[in-house]
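First the structure, which I've put down as C-alpha cells, then a few questions once you've had a look.
Chain naming follows the written order as A, B and C, and within any one chain the residues start at number 1.
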Amino acid sequence: MRVRFDGVEVEAQEGQTVAGVLLAKGIRSWRTTRGGDRPRGLFCGIGVCFDCLVSVNGVPDVRACQRVVAEGDEIRTQAGAELPS
Amino acid sequence: MSRIETADVVVIGAGIIGAASAEALSAAGMRVLVVDRGAPAGGTTAGGEGNVLLSDKAPGPELDLAVASRRLWPELIESLRAELGDEVARVEWEPKGGLVVATDEDAVGPLSILAEAQREVGVEAVDLSRDEARAMEPHLTDEVAGAVHYPGDAQLQPVLAATAMLTAVRARGGEVRGWTEAHGLVFDDAGKVAGVRLGDETIACGAVVNACGPWAGHFSVAAGAPIEVLPRRGMVLVTAPLPHVVGRKVYAADYVAAVASSDVDLQVSAVVESTATGTVLIGSSRQRVGFDEALQVEVLRRLARSAVKLFPVLAGVPVMRTYGGFRPYTPDHLPVIGADPRFAGLWHASGHEGAGIGLAPATGRLLADLMCGREPEVDPARFRVDRPAVIAEVRT
Amino acid sequence: MRRIVVIGAGPAGMAAASAAALHGVDVVLIDAGAKLGGQYFRQDALAAGDRFTLPRNVEHVASAAVWAIEPVDGGHRVHLRIGPADGPDRRGRAVEARALVLATGAYDRALPFPGWDLPGVFTAGAAQALAKGQGVAVGDRVVVGGTGPFLLPVAASLIGAGARVVEVAEANAAVTGWLGNPVGALAGWSKGGELVRYAGTLARHRVPYRSRSAVIEAHGSDVVESVTVARLDALWNPVQGSERRLEADAVAVGFGFTPQLELALAARCRVEDGFVVVDAAQGTSAPGVFAAGELTGIGGADLAASEGAVAGAAAAKFVGAAVEPPVRAMARVRSGRRFAAALNAAYPVRSGWHDWLRDDTIVCRCEEITKRALYRAVDERDVGGVRSLKLVSGAGLGLCQGRVCGRNVAELAGVDGTGFAKRPIASPIRLAELAEEEPVETPIDAEESGRVLGVEY
C-alpha cells in the first residue's frame, strides 16, 4: 500500500505502524517540541510516552508507534501543538 | 528550617485561603504557623481553575469582596516580587478578561439584566453583538445570541499563588508544616484559645484560624464550635496542549445560575479557558455528593458537550486529564470570615465555594484587619460566623 | 449470565481469560494491540493471522483503548474506544462486569541523562517491539544499556533485525555471573536457559558486555551520533576517567519496569510500594477486582501467566462458577515470586543516576522541564506531595501524564510517586468522542449485584 509522509509517497505494508514505516525509511524524527522546537521521534515504542506524535489525515496527536497505517494515509510532521484541520 | 514552638496565630489549612490569611497576618507582623493534614496547596486549591472573576457575581457582599480582591491580587503579586524575587512571584497572572456567552435567546435577557446591575455598582461590563464576540474569540460558535465582555476578569495558577504566599510566610519567620493534622484546641482558664493540638504536640498560640476549605466543618466540630460548610464536587477536563484557541475566560450564561443554585443534582455549564502551558481547561460541574471521589463518566460527557457547543473546534482535540475537587459550600453561598462567637481566639475563613482563588487576598486582608483591630475595607457584616445559615449548635 | 472482563492480553491476561473460560464463564478480553500476546509475546504485525487461539467463549476486543473504569453498583463499567489508535472515529463501547481482571503489564523505566531527548535514544522495550513486531532495527550501530536480564533478548533481537550492537552496558553485576552458578539464588529459574542462548548470540557476534557500566550521555545536534559510557561505582556514580566515547546512531536503555497502574487506581485497588496488593486468589482490595502479572510485582512472563490463571479462576468463582482452588498455579506463583524477588534484588536502581544529570538536562520530556527548574520548584515552594509538585514544576503535566518522568521526578524531589499514576482518564480521548453517548452493554443485573462474594482459598 502507499501512504504519504510530508507530501512524499512512501511504500508501506499491511500491519505496519506509522513508526515502523518511517523508521524503515531511516526517518528518525517527525515532531518538534512546542517549547524548545526540538526534534523528537520514537522513544518508548509501546504507546506510553507520547513522544512519537504525528499528524495523520489532518488529525494531530496520533502516536506513531500505535497507529497502524491504512491505504492513502496522509502523514505529516507535527510542529509543536497543532489543532485538527 | 527550625520548627517553631509557639506562634501568634496557627492557621489550619494550607490552601489558597489559609495561605492568603497567613500572608496577611505575617505582613501585619505576626508569627504564623500554617499546618495542613496533606501537602500544602494539594487539596481544593489544586483542583481549581484559578478564577478571579467579577462577572459571575450579582451586586452584593460577595461582589464587594471580589472587587477588593481583584484590586489586591496584582498588588500582592508585585509586593511578593519585590520581597522574594521573580521566580517565587511567578503565578501565571493573566488579566485576560472574561466573555459570557448566551447561546440561546432565553439566556440573553437575564444576562443583560445582570450586566446592567453590575455596571451600576461600577463593574465594567460591555454588551457585545455576535460579530463583536466572534471578533474577540475567533473560534467561538456562530450561535451567539448575546454576549457580555468583562475586562476585569482574570486568571492565575492557584498552586503557584498559594505556594508563593506560603514562601512569604516562611521568609517572615513563620513556618508551613504539611502532613500535620490539627486534632483540637487548647483553652486557657478564661476559655480563650491558648493552643492547638497537632498529634502529640501542642503549639501555644494566641489565635487559631480555621481555613480548612470544604473540611472546615470537620475541623469546627473537632474544635467544638461547629459551622455549616459542605463539600460541593467539581470536575475539570484538561486538553492536550494546543496553539492559542481561547483568549479569555469564556463561559456560558447559564453558569451564573448554576453557581447561585443550591440544587443537589448535577449541574454543568461550560467554562473554557487556555492556560499558560497551552492546555485548555474545561469546567464546570457542581454536585453535592459528600466527599465521594468516584469517577462519573456522565459528568465528563456533559462537560465535553458543553465545551464543544461553545468552541466547535475543540471537537477533535484530545482530553488527556481530568481532575476534581470539593468546593466549600455554605447554605447561603457566602464565605464565612471572622471571629467565632463561642471561643475567643478562634477564627474562621472558609465557605468561598468556587470563588476562593479570586477572593483569597481580600479574605486574608479582612481577617487580618479584624484580628488587628483595624478598620476593614470591606464590610464584614455579611460574612459573620454567627449568622443563622452557618452557625450550628455546639454539640455536647 | 456469567461474564468477566479481562484487560490486557499479555501472558497474564491470556491465562486469566483461558482459566475463566474453561470454567464456563464468558470473557471479554480487551487489549490495545491488534494481536494477542502483549509486549512479551510480541507478534510479527506484518505476518497474517494470530499465533494464539483462545477458548470460544472469550471475545477478544483488539485495538481497543480502555479510557476509563467507572465504579457502578455491583461492579465496574469499562469504557472503550475501538479502532485506529488516537483516531477521531473510533467506536465507543461500555462493558459492565461484576468481576474484572487487570493485567495491564508494565513498561520500561527510562532514567534521564544528558542527551536522552535526542531522536535515536529509545527504551529497550521500543527496540524490542520494533524488531519483533515491525521487523525494523532502531539503528545501525546500537548501544544497549540499563540493568537486568531483559537487556540480553533486546540485544539479540536487534542483531536479528540486522543492527550491529556496539556494546551492552549493564549497570549492576553481570547477568551471566549467576547463570552458571547452580547454587545461586536464581538457580533453576526457567528463563536461565533462554538467557544462556542470548548470551551465546552476543558472544558469536562479538558484542562486548560490560558490567557496572552505563550510558551517561548521548551526543549529537539533532540525532544521536555518539554516546559516553562510563564505569559506575557501587552507588552508580560514574568513575572519573573511565568515560569512553562510542560511535552509535542509536541507544536502547531500560532500567527495570514500571507497572501500568492507572486502571488499578481507577478501580480503587490498594497500591503499596508501587504495586497492586493482592491476596492468594489475586484479589485486590477492591471487591471483584483481580490483578495479575507485572501490576503485582515485576516477575516476568511465567509468573504473570501463573498469576493470570489464578486470577481468572478466582474471577470466575466470584461470578458464581464452581471453581476448585487452582493449587498448581498457586504453587507456581509462590515459587515464581521467590525467583522474582531474588532477581529484583540483583538488579536495583541506585541513586547515583541523579548525578548523571546536568542542570539543563530535561527530566520531563513532554513539558521539557529541566532538572534546574524542578529543583527550583521544590526548593522555593516546598511542596510535599505529587499533586502540588506537578502544578508548581510542570513535570508530569504533559500528554504522557507522568508515565515516563513520574518515578524519576518523585525520586529527585523526595516525594511518594504513586500519585503520578492517578489518571482517571487512562488514555487520551477526543472531546467529540467523549461527548458521544455510549450504549452500555448487558448492564449488571440489579438482583445479581446484591451478592458480593469474596474468594478465599
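What we mean here is this: contacts are C-beta pairs under 8 Å (C-beta built on N, C-alpha and C of every residue); 3 or more make two chains touch, one makes a residue touch a chain.
For reference, the UniProt names are A = (2Fe-2S)-binding protein; B = FAD-dependent oxidoreductase; C = FAD/NAD(P)-binding oxidoreductase.
Since we're looking at a predicted model, the values are computed, not measured.
Viewed as a network of touching protein chains, the structure reduces to a complete graph with every chain in contact with every other. Comparing the chain pairs B-C and A-B, the larger number of C-beta pairs in contact belongs to B-C. Central chain (C-alpha centroid nearest the global protein C-alpha centroid): C.
Inter-chain centre distance (subunit A to subunit C, centres taken as mean C-alpha positions): 23 Å. Centre-to-centre, using mean CA coordinates, subunit A is 42 Å away from subunit B.
Touching two or more other chains at once are residues 86, 88, 367, 398-399, 428 of subunit C.
Within subunit A, residues 59, 61, 84 each touch two or more of the remaining chains. Residue numbers of subunit B whose C-beta contacts span two or more other chains: 240-241, 315-318.
Listed in rising order, the residues of subunit B touching subunit A in the complex are 240-243, 245, 278, 313, 315-318.
Residues 13-17, 19-20, 23-24, 28-29, 33, 35-36, 38-51, 53, 56, 59, 61-63, 65-68, 70, 84 of subunit A touch subunit C in their complex.
Residues of subunit C that touch subunit B in their complex: 68-71, 77, 79, 86, 88, 266, 268, 367, 376, 380-389, 391-392, 394, 397-399, 401, 423-425, 428-432, 434-437. Those residues of subunit B lying in contact with subunit C across their complex are 38-42, 46, 87-88, 157, 159-160, 163-164, 166-167, 170, 176, 178-179, 237, 239-241, 277, 279, 294-297, 300-301, 304-305, 307-308, 314-323.
The part of subunit A that touches subunit B in the complex is made up of residues 34, 59, 61, 80-84.
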